[in-house]
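One structure follows; several queries about it will come next.
Should a chain be cited, it is by its letter among A, B, C and D, assigned in written order, with residues numbered from 1 in that chain.
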Amino acid sequence: MAKLYFYYAAMNAGKSTTLLQSAHNYEERGMRVLVYTPKLDDRYGEGQVTSRIGVQRKAIMFDSNTDLLLDAAKKNAEQAVHCVLVDEAQFLSPKQVMQLTLICDRLNIPVLTYGLRTDFRGEPFEGSKYLMAWAEEMVELKTICTTGKKATMNARLDDSGNQVLEGSQISIGHHYVALSRKEFNLPQASPISYEEPDLEAMGLLPSRSK
Amino acid sequence: MAKLYFYYAAMNAGKSTTLLQSAHNYEERGMRVLVYTPKLDDRYGEGQVTSRIGVQRKAIMFDSNTDLLLDAAKKNAEQAVHCVLVDEAQFLSPKQVMQLTLICDRLNIPVLTYGLRTDFRGEPFEGSKYLMAWAEEMVELKTICTTGKKATMNARLDDSGNQVLEGSQISIGHHYVALSRKEFNLPQASPISYEEPDLEAMGLLPSRSK
Amino acid sequence: MAKLYFYYAAMNAGKSTTLLQSAHNYEERGMRVLVYTPKLDDRYGEGQVTSRIGVQRKAIMFDSNTDLLLDAAKKNAEQAVHCVLVDEAQFLSPKQVMQLTLICDRLNIPVLTYGLRTDFRGEPFEGSKYLMAWAEEMVELKTICTTGKKATMNARLDDSGNQVLEGSQISIGHHYVALSRKEFNLPQASPISYEEPDLEAMGLLPSRSK
Amino acid sequence: MAKLYFYYAAMNAGKSTTLLQSAHNYEERGMRVLVYTPKLDDRYGEGQVTSRIGVQRKAIMFDSNTDLLLDAAKKNAEQAVHCVLVDEAQFLSPKQVMQLTLICDRLNIPVLTYGLRTDFRGEPFEGSKYLMAWAEEMVELKTICTTGKKATMNARLDDSGNQVLEGSQISIGHHYVALSRKEFNLPQASPISYEEPDLEAMGLLPSRSK
């Protein structure tokens, strides 16, 4: 039984490095992999998976019209494929996540996906929403906030380094920083409207720190 | 730093048992817990968390209007609370999941939530969607399909034992069964429209089984 | 490919509860399990797996002479076995852990073991040493120290509640408590001789607390 | 509370890559790390951590006499250290693993260790035995056997590619390959003596494959 994996992390945790290492591990054993990356991410030139620690490789680009099941099935019929890897998997459409589940369930090929959980306002990406719904294995790649706490959220910064709270979901040009949820300040960033009670004024904020 | 945990599993994996054990562990050490359960789940009588292996305890009922942050903050001001536990957490509203993150981030109390990822059509529950987006720790409680494969999906069955594909998201009266994604047959069940290519007719289905 | 699992935890985390729930999950699906428990643990009567939250079931007792591979193979030949579960697995001999790996590798039956990692001095149990060496999956069942920190060590207490540092590895009559490694104080408890430098006197102890 | 992590994997899974990525993540946030590597591993020149995918960095060499607690405490007193990382951690002595626990418990600095669980005969390394006993977090870095199964064991090969079953525990000159436990054939390789029953001759081997 081949499984769908979702390796998730905040920005700059090392997702692409882990993908490149896993692809290398398969190839070193004489096994064939397909590496996919979405077309929009051309930070480092089109069709590349690039790690910040200085490793890269070519990848098959896909856009919102690509049928990943059909593409992998054709390539697998030409020459057996042992693993499918997808970078920046948050940008998959729900339909494409379903196609990845079928690469597992029909072709019996394991699929490793790597992506962010949430955008700069804390909203789940559509692709990630369905990866988290359907993956057999979810594995966190850990990274840290500058406070030393675990970083799970992705803040978008303006040129002065201030957190940006308005704008479109995808904006690759901006600078991003991984923060703990506490530093990120979810009630401020999220489009979900919640008027947070002033616990301090109500005398409900504990002085103790555990 | 207190964390938000999401313990997720398919139906009948033992989520309530694990919740009851964790509550017991805290209390055995002289620590105080709050156990919440949504009002709608009255299978075993209102305001109960009940495990299929025969353990149960009373729980605080909440409905869609309850502010869980405010409720926990008040109870914590009366007497220190060491852990908040939430059963059937898939039924939380997005706003209530935000309230739980603030029980961690403002009150510094760890929050353990237990729930399903997806409904009978494979769609993520709203509560689970945000728990998976914001939890610091996601822990799977494993269970098995009758085929021996890992079960991750929840099928709704009619009286003849056939999988039901239409209906409302919440229907506690029905019988449910945990299935692997392959047995569940996602393209058939999901509201996401995808015309699966006939790989067999196209000669793209491998005969080998890995 | 059947896997060997080691579910490990400190004392009183709920290992037996988790075992009983997993056995129940298999049986509920019409699948057959074998539950083993070592002969020495007769706290609750011989041949019982008993959970502190009030659930129990009969189990097959084994002693140091039992060949678990042969025993499971015979029972499997009579009627197909779908899962083997072992309580108090720290008391297995290395040879018996090897037998469990062969229940996976020869009979293709998954094996779930539940046990402690270390004894009252912080030394690994022989059984656990080999389970941690050979298991495909190691899963922690979490519990907490009275300080709120994660508990990973097992302190033996005398009648006055003081930590006992001398004695034999197995002493079921004593009272035990799960502690974090910091509260346990490893350099004091461990038979490994290490003269800890007095960092404070050397001016090397940071005042900050992170 | 700073934690001790043990990232374990079979040979060539990418342990050093993961270490280098984590060190990079800290430094990118302006935080200081100490990277240690044992003196014996001079495959790539002394005092280097080198990844097979082409990344490397200098590391502090230690031998069996190094007191890692004292060394880290001194360096931390000069300039605050935010993380300690140890490559090839299976070669630590038990005493040195205790020193690492004290870097967490006394200095409050997290420690990330990377290593193998077992040697070419399936025996746990002394360092790994105590890391698995005392680490708060054990995280597996996954890799695959040429059969497609998960690889957990490390076979030593002679020039003809045959598995070597005799020799000293440390022999960096040899070629190694990561195998699943089934391919590794534990009863043949292990120094633990177990006369495996001939289940086939006894009519106890199932024909079915699950």
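Note that in this section a residue touches a chain if its C-beta (ideal position, glycine included) is under 8 Å from a C-beta of that chain, and two chains touch if they have at least 3 such contacts.
Source: prediction; values computed, not measured.
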item	value
Chains touching both chain A and chain D, listed by label	none
Length of the line joining the C-alpha centres of chain B and chain D, rounded to whole Å	36
For chain C paired with chain D, centre-to-centre distance based on mean C-alpha positions, whole Å	23
Interchain centroid distance [CA atoms averaged], chain B/chain C, Å	28
Two or more partner chains touched - positions in chain B	148, 210
Inter-chain touch pairs (all)	A-B, A-D, B-C, C-D
Contact footprint of chain B on chain A as seen in their complex	1-2, 4, 67, 69-70, 73-74, 76-77, 80, 94-95, 98-99, 101-102, 104-108, 117-118, 122-124, 128-130, 132-134, 136, 138, 140, 149-150, 152, 180-182, 186-187, 190, 192-194, 196-197, 199, 202-206, 208-210
For the chain A and chain D complex, residues of the former touching the latter	12-14, 17-18, 20-22, 24-26, 28-31, 51-55, 82, 143-146, 148
